[in-house]
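To start, I am sharing the structure in question, which I have written as structure tokens.
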Amino acid sequence: MSNFLNSSIGKKFLMSLTGFFLITFLLVHLLVNSLILFDQSGHLFNQAAHFMGTNPIIKVVEPVLAIGFILHIIYAVILTRQNQRARPIGYKQQKLSGSSSWASRNMFVLGILVFVFLAIHISNFFWKMKFTGHELLEEGAMGNMENAYLLVTTFFQQWYIVILYIIGAIALGFHLTHAFWSAFQTLGLSNSKWRKRLDTIGLIYTLVVAGGFAIIPIWVFIASLI
Amino acid sequence: MNLNAKIPSGPLAEKWSTYKSTQNLVNPANKRKFDIIVVGTGLAGASAAASLGELGFKVKNFCYQDSPRRAHSIAAQGGINAAKNYQNDGDSVYRLFYDTIKGGDYRAREANVYRLAEVSNKIIDQCVGQGVPFARDYAGTLHNRSFGGALVSRTFYARGQTGQQLLLGAYGALNRQIAAGNVKMYHRTEMLELVIVDGIARGIITRNLETGALEPHFGHAVVLATGGYGNTYFLSTMAMGSNGSAAWKAYKKGALFANPAFVQIHPTCIPVHGEFQSKLTLMSESLRNDGRIWVPKELDDAKNIREGKLKPTDLPEDKRDYYLERRYPAFGNLVPRDVASRAAKERCDARYGVGTGQAVYLDFKEAIGRLGKKVIEERYGNLFQMYEKIVDENPYETPMMIYPAIHYTMGGLWVDYELQTTIPGLFAIGEANFSDHGANRLGASALMQGLADGYFVLPFTIQNYLATQLGVARMDPANHPEFSKAIEEVQGRINKLMSIKGKRSVDSLHKDLGHVMWNHVGMGRTKEGLEEGIRMIREVREAFWKEVRIPGKADGFNVELEKACRLADFLDLGELMAKDALHREESCGGHFREEYQTEEGEALRDDVNFKYVAAWEYQGDQKEAKLYKEPLDYEFIEIKTRNYKE
Amino acid sequence: MDLTLKVWRQENRKAKGRFETYAIKNISPDSSFLEMLDVLNEQLIREGQEPVVFDHDCREGICGTCGLFINGRAHGPDEDITTCQLHMRKFKDGDTIVVEPWRAGGFPVIKDLMVDRTAFDKILQAGGFISINTGSAPDGNASLVAKEKADEAMDAAACIGCGACVATCKNSSAMLFVASKVSQLAVLPQGKTEAVRRAKAMVAKMDELGFGNCTNTGACEVECPKNVSLAHIARLNREFLAANLKP
């Protein structure tokens, strides 16, 4: 096994597997968050958040997700360092725009952006809900179900936060445009026919996820103005 | 010298099996005691090195390229013949043998050619086993197409890259033996001398092309698989590095050189475009399966086309002269290469040529109409694309222009039935020898011969020789007087070349030689032309040794030095080619003497006086080479005038 | 055409290289890029300088020897070609052309524009073959291969080992090269017996020789002169994963 994980394909296998995990997580996360858009009372969202916070299965998955995420980052660093070393002397002139997408060539940078955004995002919500608590969470809390809705919607009333989240969603989107098909390809789950299909599915997924995550703060912000 | 071809007695069909069951073999424990040098990694060299390695011999394999996979066999496009008769169209070993002898215009050795046809089927099996992706039918069976000079479909192919796929198969087998430690590979290493000890070939001197170091290598036997010498003409379809030096060194050490004048001129190449042209590109013979060759019927139309006033597509059918179909109704566009080439030259000489005047059309309009563009694209897509990249014209819309070019050399080192030269312990296989194609090679037969020699002939016959060498211990080439002497000789030649410090580049002199060869020792040869050619070759040689300039140093990468070493040999070889052509007062196969033709312009063979292999022996730089004749006795077939008309 | 060339010159493996600028005149648009370099070399030799060293041999796009990085692209500004098939009509009069060797740790420069690609040979020696001894093969039609499979194997086998995939890949990954061989042999029934060993050995050798990791950017496929598809990399991944899953 250690041989396998030391091989280039083994390491990528891990990237792909953890990536799939994150892709799945993003979709679930978006589904829960989208409840903000559909129920102005916030009840639906709060219930979902409560469920996610207390359900034993989710509790098990949560640390696994965290480990997967950390592995994704560690292996990204290892692979990227190896890749840089593989070309000790660079070209004077290199044109790659015709042969590969910008995102595919900048996955590491995009990954860092997503990571930075994520750190901010966690400190904004998850950290408060899970550990430190917040006065808005208490306001109108029903039993032990916190008012996460209030925390989120209040937070998104600040324009610079909204812009930050839009940038985060864009970075995530670019990362995903390459990540989705790439994850299949690395597992060998692609061929000439499926490549086109997966590309399309990946694009739809990216638009839904990145678009969805961008729309929520915008929606809340606009709603607060009215 | 008595030329003994060592042909086994008995009926033709049994000679090879008789030979195999009675020859001497080396027992498995003794095989590892033998070192065998194989120079060249094309189809013949790679397959021989791999097969000898599998048997347990210690093989040293050399190539001047950066990898054995680059040898020029890789460029063969069309296919490989075999007498499988998978198409049920009446093919047989005998028919393949007969077609090859006839295609070679009765100037090849019967027993060798029969053996070639006999082992052809095993080659296909071997290659399939190696994973060569031959074209298949929908049922999953192997597919065939037809090639020039045959009335059956016996050509196996892998798209337009058959040579590449076969070579990669052999290269795979070679890689396996390299990994197993049985073959040691020396790449970017060129053989510059053959070492003879007590009259027996015992090794070679090589130059490491990167460091310039001269290195001696010992072998109980030396196998030359170094290809042909077509680059004597400068412009040819050969790779830029293809050269005749290894064979020429052997010749100068006493190996006889057979039929040097027998050169194949391939009819379907992209015409020359300008003076800086470095090489000619072949368009596979397979194109003649569906393409129709024509020139305008009227001189005026030809002139207008040349001047760009008329487009070929605008010329109506009745104004076109499909001259091959007209002259050779039975074989049409699929006549053998020599016939097709000469016919194109004849039309162009009569000023019916198109393009620069040195070109004819190869037209797919009819085939596209009959089969649809998709089928044509499937069959020849890569060739059409290649043509378009070079010429910048779309062959789906306008006919291709083609013209003959130097493509293959049937001549080469004289070898006996065992593929051994007249120097004991020196073997020559593939295009480097002369044995199987007579005066003209049929399409898809070069790959067959290279692999036959390397996989199925040499690994047996070399043992008959090695069995006599059992007691011979490995020599230490670094401390052996003959090897040291040979290194000194090579060093002397290199020093001489480096010290000339003239004004002209190697290529410019090579082009001069090429012009002389093409004009005087080319498709149409005459006594006067050849005599004039010999005189001019000598002039170029003199200029070379006075005026060549090789910048840089000899102890590092020096491409100009490499080229100069090769050109020095081409200059000598060219003269021998002209001399051989001059002495052979007949027309046969690729050798066409204008004095000897029928009233219809067909080759006029002289079986009474020239039914022999001309083998030349080196006598010294200032002396004329000596001619030996190996008579060709056809016991099993009746000699006829080649007739592709009916 | 009159052109300015910026060419990488490097004396030997150890020397430090530099770009040299050359002016060249009267180049026919119909000549090939390498013929243009021939003209340059003729000019340099006349001036008593050492000609530019570059790898080339067949000059018809099949031997895989040539490979130059021209104006930022492997094999230069045209599609589906090797450097020797690049023609000067792809450039404009007055252009400046930057010519560099392949750059990759696995392909050290030998001299000027010539690099050492023996790493490719080593990868294939690790297992890029079917272990069948001469003479031991069954009849060619003994096992049937569906036309689609034969075609697919041929698509992969078209690789000429030029190294453009490595040269163009931002990670200097050799995956397309390795995939072409693994995929060709994996598709054919003859190749299946050794599939496990082959995939493991070839990937291990590729990693050992210092090529980068594939990040599926797809640039290799676009610059490949023979159009070897990324689908073969997918198959290589599949073969490798399967090989490691097997006990």
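A few comments on the model shown:
Labels for the chains are A, B and C, by order of writing; each one numbers its residues from 1.
Just so we're on the same page, contacts are C-beta pairs under 8 Å (C-beta built on N, C-alpha and C of every residue); 3 or more make two chains touch, one makes a residue touch a chain.
This is a predicted model, so every value here is computed, not measured.
With chains as nodes and touching pairs as edges, the resulting graph is an open line. Averaging C-alpha coordinates per chain and comparing to chain B, the farthest chain turns out to be A.
Think of the whole protein's Cα atoms as having one middle point; the chain whose own Cα middle lies nearest to it is C.
Between the chain pairs A-C and B-C, more C-beta pairs are in contact across B-C.
Chain centres here are Cα means. That of chain A falls 63 Å from that of chain B. With centres defined as mean CA coordinates, chain C is found 37 Å away from chain A.
Between the CA-based centres of chain B and chain C the separation comes to 27 Å, rounded to the whole angstrom.
In chain A, no residue touches two or more other chains.
Residue numbers of chain C whose C-beta contacts span two or more other chains: none are found. Shown for chain B are the residues that touch two or more other chains, of which there are none.
The touching residues of chain A, counted against chain C in their complex, run 3-4, 6-13, 79, 82-83, 85-96, 98-101, 104-105, 107, 178, 181-182, 185-192, 195.
Within the complex formed with chain B, the residues of chain C that make contact are 11-12, 28, 30-32, 34-35, 38-39, 41-42, 44-46, 48-51, 53, 55-65, 78, 80-81, 85, 87, 89, 110-111, 114, 116-118, 120-121, 124-126, 128-141, 144-147, 150-151, 153-154, 157-158, 160-161, 184-185, 188, 190-191.
Those residues of chain C that touch chain A in the complex are listed here as 6, 8, 19, 69, 71-73, 98, 100, 103-106, 168, 170-173, 175, 203-204, 206-207, 210-219, 222-223, 229-231, 233-241, 244. Within the complex formed with chain C, the residues of chain B that make contact are 47, 50-51, 54, 65-72, 74-75, 84, 86, 122, 124-142, 156, 158-159, 161, 163-165, 168, 171-173, 175-176, 178-179, 185, 187, 210, 237, 239-241, 273-274, 276-279, 281-282, 385-386, 389-390, 392, 455-456, 459, 503, 505, 507-508, 549, 551-552, 556-557, 559-560.
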